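Shown below is the structure under consideration.
Chain naming follows the written order as A, B, C and D, and within any one chain the residues start at number 1.
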Amino acid sequence: MEKAISACWQRKFYQIRSNKGFELFVIGVIIFSALVIGVKTYSLPKTLLQVITIMDWMITLIFLIEIVIRFMGDPEKKRFFHNGWNLFDTLIVVVSLVPIENSDMALIGRLVRIFRVLRMVSIIPELRMLLNSLLKALPQLGYVMLMLFIIFYIYAAIGSTFFSRINPELWGDIALSLLTLFRVMTFEDWTDVMYETMSVYPLSWAFYISFIFFTAFAFLNMIIGIVVNVIEEEHQIEAKAEAKATGEPTLRDIQAELLSLKQLIKGADRP
Amino acid sequence: MEKAISACWQRKFYQIRSNKGFELFVIGVIIFSALVIGVKTYSLPKTLLQVITIMDWMITLIFLIEIVIRFMGDPEKKRFFHNGWNLFDTLIVVVSLVPIENSDMALIGRLVRIFRVLRMVSIIPELRMLLNSLLKALPQLGYVMLMLFIIFYIYAAIGSTFFSRINPELWGDIALSLLTLFRVMTFEDWTDVMYETMSVYPLSWAFYISFIFFTAFAFLNMIIGIVVNVIEEEHQIEAKAEAKATGEPTLRDIQAELLSLKQLIKGADRP
Amino acid sequence: MEKAISACWQRKFYQIRSNKGFELFVIGVIIFSALVIGVKTYSLPKTLLQVITIMDWMITLIFLIEIVIRFMGDPEKKRFFHNGWNLFDTLIVVVSLVPIENSDMALIGRLVRIFRVLRMVSIIPELRMLLNSLLKALPQLGYVMLMLFIIFYIYAAIGSTFFSRINPELWGDIALSLLTLFRVMTFEDWTDVMYETMSVYPLSWAFYISFIFFTAFAFLNMIIGIVVNVIEEEHQIEAKAEAKATGEPTLRDIQAELLSLKQLIKGADRP
Amino acid sequence: MEKAISACWQRKFYQIRSNKGFELFVIGVIIFSALVIGVKTYSLPKTLLQVITIMDWMITLIFLIEIVIRFMGDPEKKRFFHNGWNLFDTLIVVVSLVPIENSDMALIGRLVRIFRVLRMVSIIPELRMLLNSLLKALPQLGYVMLMLFIIFYIYAAIGSTFFSRINPELWGDIALSLLTLFRVMTFEDWTDVMYETMSVYPLSWAFYISFIFFTAFAFLNMIIGIVVNVIEEEHQIEAKAEAKATGEPTLRDIQAELLSLKQLIKGADRP
């Protein structure tokens, strides 16, 4: 009896959750919460700040209700938190609910409110798919990234060994050197860095030019790798889809037909 | 009777409008008007300025006559303004005709004269097609652009929350932060921005590096998406064109032929 | 009789010219002349300068002899100067021979000696082919380049209209504005340019952001256009080469065979 | 008898060498040695420095043992050093073993310890393959690189001829000019360089713009060349793999079958 009732409720919540209007309303609230975050960065009169605080609580409340509806509407409640996005949404709401007072925690509270904007990704399926495809592309890059890191590490070790006395702020230790090399890779005032070390080691231009050459080359290879991978995948998907969609016979079908024809002729011959 | 006359006139105007010489003349006038705009940015003697003002009116007059001819020559006058380019051309001429005196309006008048150069696009079909294909590629980018904006917005909110006291000119509010982040994305003196915040928050390099990583990755994905799309489209167009042009039989045709052959043999057998 | 002798000489010169060793010797001389040019940019003792001047004349002499041999060895002397590279080589030698004294001409003499390095391209066939393929790709870009120029021109006109009073060095006239916009397109200290105009027109960021967006978009389109074109071309060349090389029968061949089979069966039936 | 024993030992060493655990241990030691290098760039207390020195020797010892095992386990000892990576590994260990005292040699010792990180590439097969494919792509670029160098050389010669008096630090000789041009190519404060020379030669902007245009164009061509090459290669590999994997009959197979069918019919007719 109880089960039937809960199943009935579950269906009702599922209907609300699948409702297009409900989804649009939630997207609207997320956009509104993003605007509130934006407005808060301006210096505001006190009354408006109070209004915003109230709005903030209302947004949290709406998000809480939405999560509860989604949870109630889920046919398999145990699996609800297996989905990373559901976990993310719940975490954001729960942390928003915690009353925060001291300054350190207040910052975390602010950050959580900013991360609400990410709920945009969790609620729009197209963005979720886009992010998934982005994340899927990452492991392909694994070895190139490792190679790039090895190049960075070796150059940073050389840099902090030779140049740390010239400019400790740029080459003081290996962490600073890595940051400086990243700067050189983005071409950001890299000649200033170079001219400084060239005044002590006149041949240090070779260090920078070779570094730029290696990283540019590895980077280029990474991009080409991705492009080729994506194009190949598209080709395969397309080829399969085409074969299925058009119902075009394959060469194998033709061959089978020819064989049956042969048998027919042979059969016609014998008697 | 009247209709016949107007139809006769319409045909005459249509002939003028389709005339290659007429088109070249209008292109020439557009180039000349562009040159006049360029010359006006230099400090000129008074007499030359007067000459230019007269030329300006002549150009407006020629454009007015051209629009009238194009309108008269159009077989379906009601649809004339359905074409965005016709509307644009007419607007440019109409606003040029309005006598302007006070300084605010004078600026608009100047701007309109500059936008005349865009008539180049409206009159050369190849440029019009190029612009159309550019505009057509935009919606494909919709979701990646939205994703990119979400990334920008979150980082801008974080930036203006934490760094607004360090440098209000760069991080004062969310709009300034967005501009600063765009600057960081173009690698324009981004290390100056970073070193400034690193003096207060030593770990803030992670903010910049992760931002550069995310935007570069999303941007890369956008480019690859376009490349793949364009290549796929070209492939399909090409495949269709090839199939039609060569009259190459498909596998389906071969299969049909085999079936007819089978029937023939079966028919030959029975009697 | 005379003709026979000249033909005999022509063949001999042709042999020299086609000789691999002769070609390598000329390439060696070109590299040597490039080194001489490089050495001259350092401050040198007088004796070395005199040695270099003598070497210079020797290089010119060798180049003169080489051109004469190539001209003599050419079977169709009238067409010799129809080839752009032959003309270029001859011009370089002739101008090098002119004795130069006053300072203006001396500069031209120096320039001509520098352009000798370009003879590297004229003598190595692979480089000549590379340059040709580069030049062939240019007209494809024609309309995108025109579009890009229209965008540049409109923004430059707007820029010099509004910002010329703020910084005449950057926005004084349309030529300076075009240069400044090129600088903005390369992201070179573009925020300095922007912050300056934003102090007068706070909304002028839209001018820069939209300009960067449009040019980046047009540029991206240009690159994609080239990539797609090159890939398509390669495909066509490859497809043709494959079809020829493997002798693989086409579907049309199969169809023809089937038809002949049908006729055979029909023929077998009737009698 | 002796041979049998050595063969037995060889097999044992080969087993150790092929052991996954042994490989992981060596990778662990390499990562540890990289961390030690990183730690050394910070200013450390004396006791820790002594610990690091001991660790350093232990790492060298482990590497020495590893090389010996790999050498012993190799079935063909003569060919061991034909492999570039084995040579590299041995060199790194041997130089690490040399006791170094005076400052010049100490630097080399440090460098060798840094290059140990590169052993990561020699031990992980995927990285080795990646590097090989990178190196294989280089010769394809040969002629474009030569072309790029010729462009650089000509512009550097022109630059140091005309601008050396304006700023000897940037344009003093051809080597400095090459470095300055590389800087211009990376868009690093290139307008500062340009404005300086434009104050003497107002038309020198053409020098920079044309240089940027040529190098960007050559660079673009290089990238496109690589992309097209990689895609073509992938296509060929894929096409072959597909043909083999699916066992799909080719058109040639179909043709052969048709011929046999014809013969069958002809045979059936005659009697």
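Simple rule for what comes next: a contact is a pair of C-beta atoms (placed from the backbone, for glycine too) under 8 Å apart; a residue touches a chain by one contact, two chains touch by 3 or more.
Computed from a predicted structure; not experimentally measured.
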Key: Steps needed, at minimum, to go from subunit A to subunit C via contacts   = 2
Task = Give a one-word verdict, same or different, on whether subunit A and subunit D use largely identical residue numbers at their interface, taking over half shared as same.
result = different
Task = Determine the centre-to-centre distance between subunit C and subunit D, using the mean Cα coordinates as centres, and give it in whole Å.
result = 30
Query = Between subunit B and subunit D, what is the gap in Å from one C-alpha centre to the other?
reply = 42
Query = Taking each residue of subunit B in turn, which ones touch at least two of the other chains?
reply = 187, 189, 227, 231, 250-251, 254, 258, 261, 265, 268
Note = Inter-chain touches occur between A-B, A-D, B-C, C-D
Remark   = The residues of subunit C that touch subunit D in their complex are 34, 37-38, 41-42, 107, 110-111, 114-115, 117-118, 120-121, 126-127, 130-131, 133-134, 137, 179, 182-183, 186-189, 223, 226-227, 230-231, 234, 238, 248-251, 253-254, 257-258, 260-261, 264-265, 268
Note = subunit C contacts subunit B in the complex at 143-144, 146-147, 150, 153-154, 157-158, 160-162, 164, 172-174, 177, 187, 189-191, 205, 209, 212, 217-218, 220-221, 224, 227-228, 231-232, 250-252, 254-255, 258-259, 261-262, 265-266, 268-269
